[in-house]
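Both complexes shown next keep chain A, but they swap its partner, so chain B is in the first and chain C is in the second.
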Partner chain A sequence: MLKLLKEVFRQGDATVKYPFAPYEVEKDFRGRPEHVAENCIACAACTSACPANALSMETDLAAGTRTWSISYGRCIFCARCEEVCPTQAIRLTTDFELAVANKADLTSQAVFKLADCVCCGEPFAPAKEIAYVTALIEANSGTNGASTGAEKSSEAERRRRLLSTCPACKRANDLQQIAQIAHRQEKNR
Partner chain B sequence: MNVHIDARVGASHISYLRAKLPHAVLEENWQTPNQVTVTVKLNTLPEAVATLYYGREGWLSVVVCNDERPINDTFGLYYVLSMEGEDRCHVIVHAAVPSSNEEFPSVTPKVPACVWGEREIRDMYGLRPIGLPDERRLVLPDDWPDDLYPLRKDAMDYRLRPPPTSDKENYQFRNDAEGETTVVPLGPLHITSDEPGHFRLFVDGEDIIDADYRMFYVHRGMEKLAETRMGYNEVTFLADRVCGICGYAHSVAYASSIENALGIVVPQRAHAIRSIMLETERLHSHMLNLGLVCQFTGFDSGFMQFFRAREKAMTLAELLTGGRKTYGINLIGGVRRDVLAEQRSRTLALVAELRAEVQRLFEILLATPNFGPRVKGVGILDRKIARDYSPVGPVVRGSGYRRDTRVDHAFAGYGSVDVDINTGDGCDVQSRTMIRAAEIFDSLSLIEQLLDSTPTGPILNEDFVYKPYKFALGFTEAPRGEDIHWSMTGDNQKLYRWRCRASTYANWPVLRYMLRGNTVSDAPLIVGSIDPCYSCCDRMTVVDVRKETSRTIPYKEMERYCRERTDSPLK
Partner chain C sequence: MKMDTPADIQRMKTSLLTNIRRSAYVYRVDCGGCNGCEIEIFSTITPVFDTERFGIKVVASPRHADILLFTGAVTRAMRMPALRAYEAAPDPKIVVSYGACGCTGGIFHDLYCVWGGTDQIVPVDVYIPGCPPTPPATIYGFAVALGLLEQKLTAKTHIEGEGERVGMAYPELPYNLRVHVEREARRMAGYRQGRDIADRFLGMLTIPGELPLNQRIAALISKEPDPRIAEIFLRLGDTLRGGELSA
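Right after this comes the complex of A and B.
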């Protein structure tokens, strides 16, 4: 009994002032994910990595938009989204106070514009994703055999055009090119 | 990087089986160097399992059924035995049930430990175990349709909730008492347990003559969910949520089952980090149980003190994983968070603080005059019953058996450190409590050992090839005992079958024998001593069969009676 009393006095107050004073968590605590729409390219990597389906992407072809959304009600704070994001657009914060008065406040959204295909004019991929990929390839492509400046810029132009073409048009274009080659070979024979 | 298997352990068991039952064995395949699946003829299944169980020191880990009709037109039955005598390994006895004749000979009459597994197969797959002494439902509720077997591949979508077929509870509770008894239902739901259960105590005066219970009130259908909705890599996060206390043990068991099946080499550092986190989990879980033991024996200040000290273990988890309880740091192939130098030094400081504090609290608990007499000789688990039913963890160690997966089948980082097995021979609540207390100090020293010997290097191996229809076991020693997972990959980046057995599943069947012969006031203490995360059941109803009256006693009153043992509410 005396030992217990001694222990109680040794420990003093075990309780903290929270919620009247802020509660300190560890600096690597996994809390509410924060999305920075400026960095996001709507590539959907996070939505396929999310084990809980808290993240989702919806494409509206008529409006030409893609909507990214997160439901904090479903989020399990695993940080898989943070790991797979190529542009660091989503980061986990240390915020753990998630209660809301209105259920709709648990969802947060970001709308991205889709780019139109240069051939058929139909929307097919987020404009920011295409810009990101174009920049990435441009930065990494060497001279690629082209020597003069004019050749270089025409090569870059061809690449940009290719990246701005939708998969369906790419297939159609490929078929046409193959047909032309076959036609030429036929002639030459 | 997938490995090729050369070394093989367990051949002696197969030769023993071949010698005892000359024509039973059809084929044997090693999934890993320490796991062998031996296919036997269906009609020799009970003898084969019993031969290995009693003849070669096998313990039953889990019974798995798998609907393999789309692959080979059979249902696969897998009886997983943990061989703990010579030649330690896992032997999985496999028998195929043809889809044309949906029945199999029950193993339970020969090996009682199979009873829950076979009852579950009957519920989930509709296969009839011929000769099973207990044909009641185990998992499915009383109002579930008779011909809907949830885990069959062609049965149902995981979201289907069929309308109830009856409004009545028709579950028959079993009472083996010879004379007249009074029924004391305890429950129906303990909201904070991982398995809410309804207990019926059959009492004569104050003495418990027999007991029966019904579990699975909140069956979450996780196996079906994992098989249909999630990718195999995402299931690690679902496995983290199997239990609210020891979820990380499940996550490691699941991840290693897939790593074993696909032959993925996990980096040594990842193994060590997994072990560190498993020990952290054991710390907070055992301290929780010690706190509850204090509470059940009427020592509320001790309960408060243990829970205060436990907060340090929670901080440790938060520091190392970023989550207080659900660690979420496993992926197939390793872990996602490294232990950095700063975290290492803070961990060592916290470990030292915890050791001193738990030591002081434990001395206070032992010096409490109320404690010893209250737990000694209570809730006896007979050694023979323990051998027959294969319980796990502190429950079986309290009855003198040296069973600990960390030593028997060293997994993760346990191969490189010294693990003590603590056993007790009292077979009672006291033994089990003492073992848990000793394991707290072991965990603290293991964390230090692991931090000292952690090899440097990568923590995640992502360079492997996913192959369909591969299966293997994964296992861990959770705070409550062995967790075992059997997984088979599918051809669609999902699991074909995931069987997850939590440790308490193996401990429930023996509880009946532990309750017999004790008094009603000891019931919460005994149930608490298997550590089923039991903390509160909302109320209990007393039915006096002779006077045909019933009245409800609030849980508070029952708990007060357990603590003070005066003014029985039954009178």
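Right after this comes the complex of A and C.
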């Protein structure tokens, strides 16, 4: 009996103090995904990876915006969004205190602007995404055969224009170019 | 006297919350979840989390319940039983929607036989998200339901600022090298730890100075207590020296 009591006192109290004291979780605990909208390029990789459709993107062409939103009520804390995000804008935190009385508080949103196509002027892709891709390609492209500074800058300008063109206009431009080439070949024959 | 207008119920609920001088009895209604939530509820009443120290007790009949805990995404088959349990519980009752499934339907939200959340069939007072919510999250949810703790989460909307742009990570390093290190680190340690390890490795590469790679890696490893991470640093160094990188 004494031995048992001694053992009980040695073991102490197993019950956690939470909620009167903070509860320590493992540092890689998968809690609430934290989205840093400043780092997000609205590429929608996370929204297509999310198995529960907790993340969604909505495009409003009239307002020229694209809205990223997360519903913490639907999230299953799988961290696939974190895995795919190219700019590390989303990361799971150790925050587990998510209970709410008002369902609307489970949603968090970020509104991004769409860039207009340089040809037709219609909004087509998030401006931040285009800027990021342009910067990435510019930092990685060699001279592409261009040697003089003027050639280089015209090449960069052409590339920037191409990236700011919407897919429909790209197709139309391609068709025009093909038509021109065919026309020239016709003449040369 | 009949007392079941919404205003009456609201008043009774408020008085239940402010003057509860006894245990809060919980009845658990499974509306077609995967049972993960049930397991977490039962781990919440184990000695480690011990909700009975607050008087929160799981009971076997909705007729004894103050709090109804709805788990699961509300399948077609479980809708009527869930409604019957709701009707059987005496007013005033607090309805808690438990788990991602209970809040919105969770990962099952778009199934053909699913109603998509407790709030589609009964009025809900508190939502506890999680898949499943951990025992501390459950305790927190009950504390919010009983008005002991404040809710922390609020709806947020970020509007893109003027000229808000995202820069490239590690612009001072060649792009191929950064991608290669990130890929290798993720391959060896998984995406979470891999990313942290790659960040530390790349941070070490960007420290200005003429120090050769060997010494930089040695300095990094000497500060690393975990031999597994040290090994990964070494191997990352090897892949860089391998010359397979045309950066």
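Note that the second predicted complex is superposed on the first by the 182 of 189 C-alpha atoms of A that agree within 3 Å, B and C clash if a C-alpha of one lies under 4 Å from a C-alpha of the other, contacts with A are read in each partner's own complex, and residues count from 1 in each chain.
The rule is simple: a residue touches a chain if its C-beta (ideal position, glycine included) is under 8 Å from a C-beta of that chain, and two chains touch if they have at least 3 such contacts.
Quantities reported herein were computed from a predicted structural model and do not represent experimental measurements.
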- Query: Is A:A179 contacted by the first partner chain B, the second partner chain C, both or neither?
  - Reply: neither
- Among the partners chain B and chain C, which is in contact with a greater number of residues of chain A? C
- Message: Per the contact definition in the header, classify A:D28: touching chain B only (first), chain C only (second), both, or neither.
- Response: both
- Task: Could you look at A:A63 and tell me whether it touches chain B, chain C, both or neither (first, second, both, neither)?
- Result: neither
- Message: Quick one: is A:K3 in contact with chain B, with chain C, with both, or with neither? Answer first, second, both or neither.
- Response: first
- Task: For A:N140, decide between first (touching chain B), second (touching chain C), both and neither.
- Result: second
- Query: Between chain B (first) and chain C (second), which, if any, makes contact with A:F77: first, second, both or neither?
  - Reply: both
- Message: Just checking: does A:Y18 make contact with chain B only, chain C only, both, or neither of them? Give me first, second, both or neither.
- Response: second
- After lining up the shared chain so the two structures overlap, which partner does A:L162 touch, if you call chain B first and chain C second: first, second, both or neither? neither
- Where on chain A do chain B and chain C both make contact? 14, 25, 28, 51-52, 76-77, 79, 83
- Query: Which positions of chain C touch chain A when the two form their complex?
  - Reply: 47-50, 53, 100, 103-107, 109-110, 117, 119, 124-131, 133-134, 136-137, 139-141, 143-145, 148-149, 151-161, 164-169, 171, 175, 191-193, 195
- Message: Considering only the defined contacts, which chain B positions touch chain A in the complex?
- Response: 230, 234, 237-238, 241, 301-302, 305, 308, 311, 315, 318-319, 321-323, 326, 328, 336-337, 360-361, 363-364, 367
- chain C-facing residues of chain A, complex: 14-16, 18-19, 23, 25, 28, 32, 37-41, 51-53, 71-77, 79, 82-83, 87-89, 95-113, 127-128, 131-132, 135-136, 139-140
- Residue positions on chain A within touch of chain B in the complex are 3-4, 7-8, 11, 14, 25-26, 28-30, 51-52, 76-80, 83, 92
